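In what comes next, chain A is part of two complexes: it sits with chain B in the first one and with chain C in the second one.
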Partner chain A sequence: MLRKQYYRYTMFLPGFAVFCLFFVLPSFGSFFYGFTNLDSGFTFTRFVGFENFINLMREPDNFIAFKNTLIFAFLTTFFKVGLGLLLAIFVNLKLKTTLYLRSMLFFPVILSTIAVSLAFTAMLHPERGILNEFLRWVHMDFLAQSWLTNREIVMYSVSMVEIWKYTGLSVILFLAALQSIPKEVTESAQLDGATGWKSLRHITFPLLLPVFNTSIVLHLIGGLKVFDLIIALTGGGPGNASMVINTLIYKSFTQGRNGEATAASFILFLLVLFIVLMVNRLLPKHETER
Partner chain B sequence: MRSWRKLILEVIAVIISSIIAIPLYITVINSFKNQAEAADLGLAFPTYWRLIENYKEVFIIAKIPQALGNSSILTFLGVIAIIFCCSTSAYIIQRRDNRFFRIVQKMLIAGMVLPISIITTYYLLDTLHLVRTHIGVTLIYMATCYSFITYLYISFFHGIPREMDEAAIIDGIGHHGLFWKVIFPLLKPINATALIIAFMEIWNDFTVPFYLLNTANRFTLSLTVYFFFGQHASEWNLVFADIVMVSLPIIVFYLFLQRYIVSGLTAGAVKG
Partner chain C sequence: MNARGLLKVKMLLSIVTASALIVLSACGGTVSESSQTTQKPAAVKPKEKTKLKVLGFGSWFKEGMDAVLKDASEKMGIELEIEKVPEGDDGVKLVRTRFATKDLPDILLWSAGLTESQNLGIPSETFVSQDDQPWISNFDKNSWKGAMDSEDGLFYGAPYGGMNSAVVLYNKKVFEGLELQVPKTLEEFWSVSEKIKKSGKIPVYLSGKDSWTLQLPPFMAQARPGLSEFFKKVNVNQAKLSDWSDQKRGLVFIQDVIAKGYVNKEFLSDSYDNAQKALADGDAGMYLMATWVMADISKKYPDKVNDIGAFIMPFEGNGADRVGLFAPNSMYIVKGKNQDAAQQFVNYFESIDTQNIYFANEGGIPAIKGVTVTKLTPAEIEAQKLIDSGRASAVYSISKYAWDSDFGSLTQGLAAGGKSPEQVQESIWNTFVKNAKSKDDPNFK
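On to the complex of A and B.
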């Protein structure tokens, strides 16, 4: 009786109603409209079955978007988490310069992706960009590339920018976990003769495992949803070489094929769901985890 | 030997720092050059420092004041609405904890992971005549941030004992008073976290306004810099000045609240 009076549904409802109307409803909507020939004015004349999905999968111009999304998500996650872990251990050494490095690392994370990406179109400029200038300066001209206009490497170039921007986030996550490891644990391990690599391998890593798993899932989701980075760096080009699912949705949308765009967005929905469930199952669990 | 190793590590730290710093430096330094010098995209100092000219020019042609206004309105409305809705929802979800609310919690987890279905969202707003309005976009932000931030609040409410509620109830407080007068003042740390997460999310967002505010006088800062680049791609000095100007508000925000931002985002990510 007390509960009903003091914890009222009317208090819970405003937020939840907005969530249901503007997030849940459109998600269910995509399940429905993905199977129609919805046009630019949002009217549809018939159900087309799986036609939208087949078009998306069969056209090589479209299919590359799915491949690229997966490459981007897994590649950037691998480096962001890997480098993040290394840098966190490094920064935790507490040298004079690492304190400075620590605040430096987080700086790109707060900037807008659009601003960073536009600045990087200058850094990756084939003739005058700083990256190629640097490679020529150290006499490694053969490594200098047209980073954003070469079909073969464009996906790796955009991944590089994403890694530059977001590694700081996983550094901060790992660092917080590292600093929460009680000193007694590492000290007693040291007394038992575990130093350097051994202490890292048997003490630090197992205690970092939960954060490790979280940041993998976090970065994978972020990578699968990538949009603004690609739009600002390449616009999906050259040709379709750096298209991802979200740019494909935008392309279909601007061409007035909303049925197809909705189908693509439904595929992204399923892909994220599938990968998160898979990864959650595959990630190593440790007995210290509750 | 010891000091040698230390020196090497210090050098590595400097190198990594410069990988991050150099693009930032190039952006800033080239924003002070004239068009011909900036086209070089290099590290050199400008021969003549155009400290204000470029910025003044961009300020006017990129319509920065208008964009700043739009970004501020969206962020302000969004943050207030999110804190209000998520804290109240979370309170009821955590205190009631029946079967219905356990299903709601499952929905929240799904909402954190899954992407927004942008086309059908556009369709919905179109039907409600909310496309290209601040209210429409704010509602989208509320919906996309709802699951994550409500979840944060729920875990915070676990730490506020029910005895607190009961004591206030015995003192004869009403249900509004219970939340707003007794509970809400205890939420300061989590409100700060929610504010920071929502602020960063909305201020830097590009996708939602790109689809839903696609009309020149509703552009946000991220949109103006994108379209400005499209029209002035060869005038690098102006493009860089625009990038710097668009980034300044968030940089100021970061410099003042650095400690809170770092701990807020960490707490958010780890719990999520």
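On to the complex of A and C.
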């Protein structure tokens, strides 16, 4: 009996060791360094207690980064999931262009973020950008904006690019879920008189709920950890108007304050964990029994 | 152990030793190469050549140094064994490790203003002071105090490569067309800007998309003779960067020039490249930049290079303003058995004749006075005349801790209206204090 149990643990140990080495240790290491004055040479001379955390919270510029991260994560998740659901229902219809539309919707997801950012930087240029050119052409000049250089709207412009790029991912997730709904269920609902909106609300949506929840959580995590898009589109600017937590971490690292950077990484980790747990708790769990 | 077992152990040991050697040789990350001259037999001087080890960043060895090496081999009988390290943090760490382990070169090529905090040892113990060397009579020590000297006030580095200057670059055709004179005071500057604006052109081009370019106005304003004295106090917490009135003048200028409408409409979306085109084409009258931009303009718009001139930004007027100088890199002689030969080479390198050879093959403004052969553009020549007349000061001074790592985005924030000059200066001071505290500096407890 004992031997059997021992055997079981030997099978488990190598995987657990790898997990500890590459996940648990670095995670605890980062937590530990957040309480030191770790410098660019990765050496530290003393423990600074909560000084790094207090500094991060005290600076007004850093508050902007936290605010922007939350705006970006929730706004983009709302639109990526909402639009993704609508578009998935649309491309689930039997149209001649269905295959083409599905490919087109997913295409931005596989594009390089840097390439997308460069293209949008050109398209959103206030004078020469295609968006403002178009708005002026249709005599809607009042809508033409300095999309990436106006402090008031820059986060919304960046969010728009993210929504354009990643809505396709939600579409694919929802489409897969839609196609897995048994025909018998929808057909019997139709026989019972549930068509259109009623069928969508009472039959389709409850069956999509697990994917819906997964999609929200995935997009929230992605949104909270955004970095590449911001760096490539605005560099966190103008000034610090589009700075997010990850650009703040990057700034601390490049300035040689690695202790502060790891403290900020730890805050981001806690923030992601807290929000994801809360969202998971708040989201409805029950799907209709199949 | 029997003979067979012993053989197995020997084989195993051989394999381990061979593997270790392969790994160790692969770990040697630096690229070592001898200069071209080392491969040629000395045709002129049959005597044995002195070999000097030089350590420096890879991209610092270009056409200018190639030409000098050829000349040095022929005239001096000195042969340089150049070891190149990669640019950036990796290279810096590598050089520091070499110095920490006492694996020293004879000459080190490093940035100007070497201090103890750069972890290459105490300068007076590691490097040879250049203050009493003959070449220094052709070098304006006063202009470079606080930027090229060390904490003890001695100059350990000899200039290597060209310096750059922060000036107002202007389109002469625009000025001639509107019959404008180079402004000598800020009032005249605004008046010139107004006239250019009325003509339908952009008076002052700001390339705010590349945030680093917005640092140039404050850099120009902070280039003052008292800069090093001010930083001596800052370094020991007796003065604050938030009280830096000279720099503030440049920050206020950014605010004013935007408020007065003398800049390009989309100054936060326009780039350094756009600025070069606008200045060369005459769409913009003036651009506050360093002379390094002339190398790009020369390549892109060679037929328009002669249209561009340079003048000092008149923040204060009455001759108080200076050309902002960006120091050239430096050559440091490491104390050791070859220091006399290394000094001989440095004296040769800094001589007018050798500097003429160097700058005939490579761009940049010489920091050594009397150099006549250069590849300078008219704007750079005008800047050099201002420098030679003594109206120049270093942009930077030796700072114990970094303060400017975020200065570009701060000035961009100022231009975007999100920060005031006071807030920008408060931020740089906070950065400095934070860096001082992280190093446990007792003055910043």
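Here is the rule we use: the second predicted complex is superposed on the first by the 265 of 290 C-alpha atoms of A that agree within 3 Å, B and C clash if a C-alpha of one lies under 4 Å from a C-alpha of the other, contacts with A are read in each partner's own complex, and residues count from 1 in each chain.
Just so it is clear, a contact is a pair of C-beta atoms (placed from the backbone, for glycine too) under 8 Å apart; a residue touches a chain by one contact, two chains touch by 3 or more.
Remember, it's a predicted structure, so these values are computed and weren't measured experimentally.
On the superposed chain A, the two partners chain B and chain C both fit, without a clash. Looking at the shared chain after the overlay, A:H125 reaches both chain B and chain C. Within the superposed three-chain model, A:M104 lies in touch with chain B and out of touch with chain C [touch as defined at top]. Contact with neither chain B nor chain C is seen for A:P206 once the two complexes are overlaid on the shared chain. By the touch criterion stated above, A:G222 is placed in contact with neither chain B nor chain C. When chain B and chain C are set side by side, the one touching more residues of chain A is B.
Superposing the two structures on chain A brings chain B to within 5 Å of chain C, judged by their nearest Cα atoms. Put simply, chain A uses residues 125 to touch chain B in one complex and chain C in the other. Residues 37, 39-41, 45-46, 55, 59, 61, 125-127, 146, 148-149, 151, 235-241, 251, 254-257, 259-260 of chain A are the ones that touch chain C when the two sit in their complex.
Chain contact summary for the complex, chain B toward chain A: residues 6, 9-10, 12-14, 16-17, 19-24, 26-27, 30, 39-43, 84-86, 88-89, 91-93, 95-96, 104, 107, 111, 113-124, 126-127, 139-140, 142-144, 146-147, 150, 165, 169, 175, 178-179, 200, 203-204, 206-207, 210-211, 221-222, 225-226, 229, 236, 239-240, 243, 246-247, 250-251, 253-254, 258, 261-263, 265-266, 269-270, 272. Within the complex formed with chain A, the residues of chain C that make contact are 89, 93, 208-209, 211, 265-266, 268-269, 402, 405-406, 409-410, 412-419, 427, 430-431, 434-435, 437-440. Across the complex, chain B is touched by residues 2-3, 5-9, 11-16, 18-19, 21-27, 29-30, 33, 38, 42, 87, 90, 93, 95-98, 100-101, 103-115, 118-123, 125, 128-130, 133, 164, 169, 172-173, 176-177, 211, 214-215, 218, 221, 224-225, 227-228, 231-232, 246, 249-250, 253, 258, 261-262, 265-266, 268-269, 272-273, 276 of chain A.
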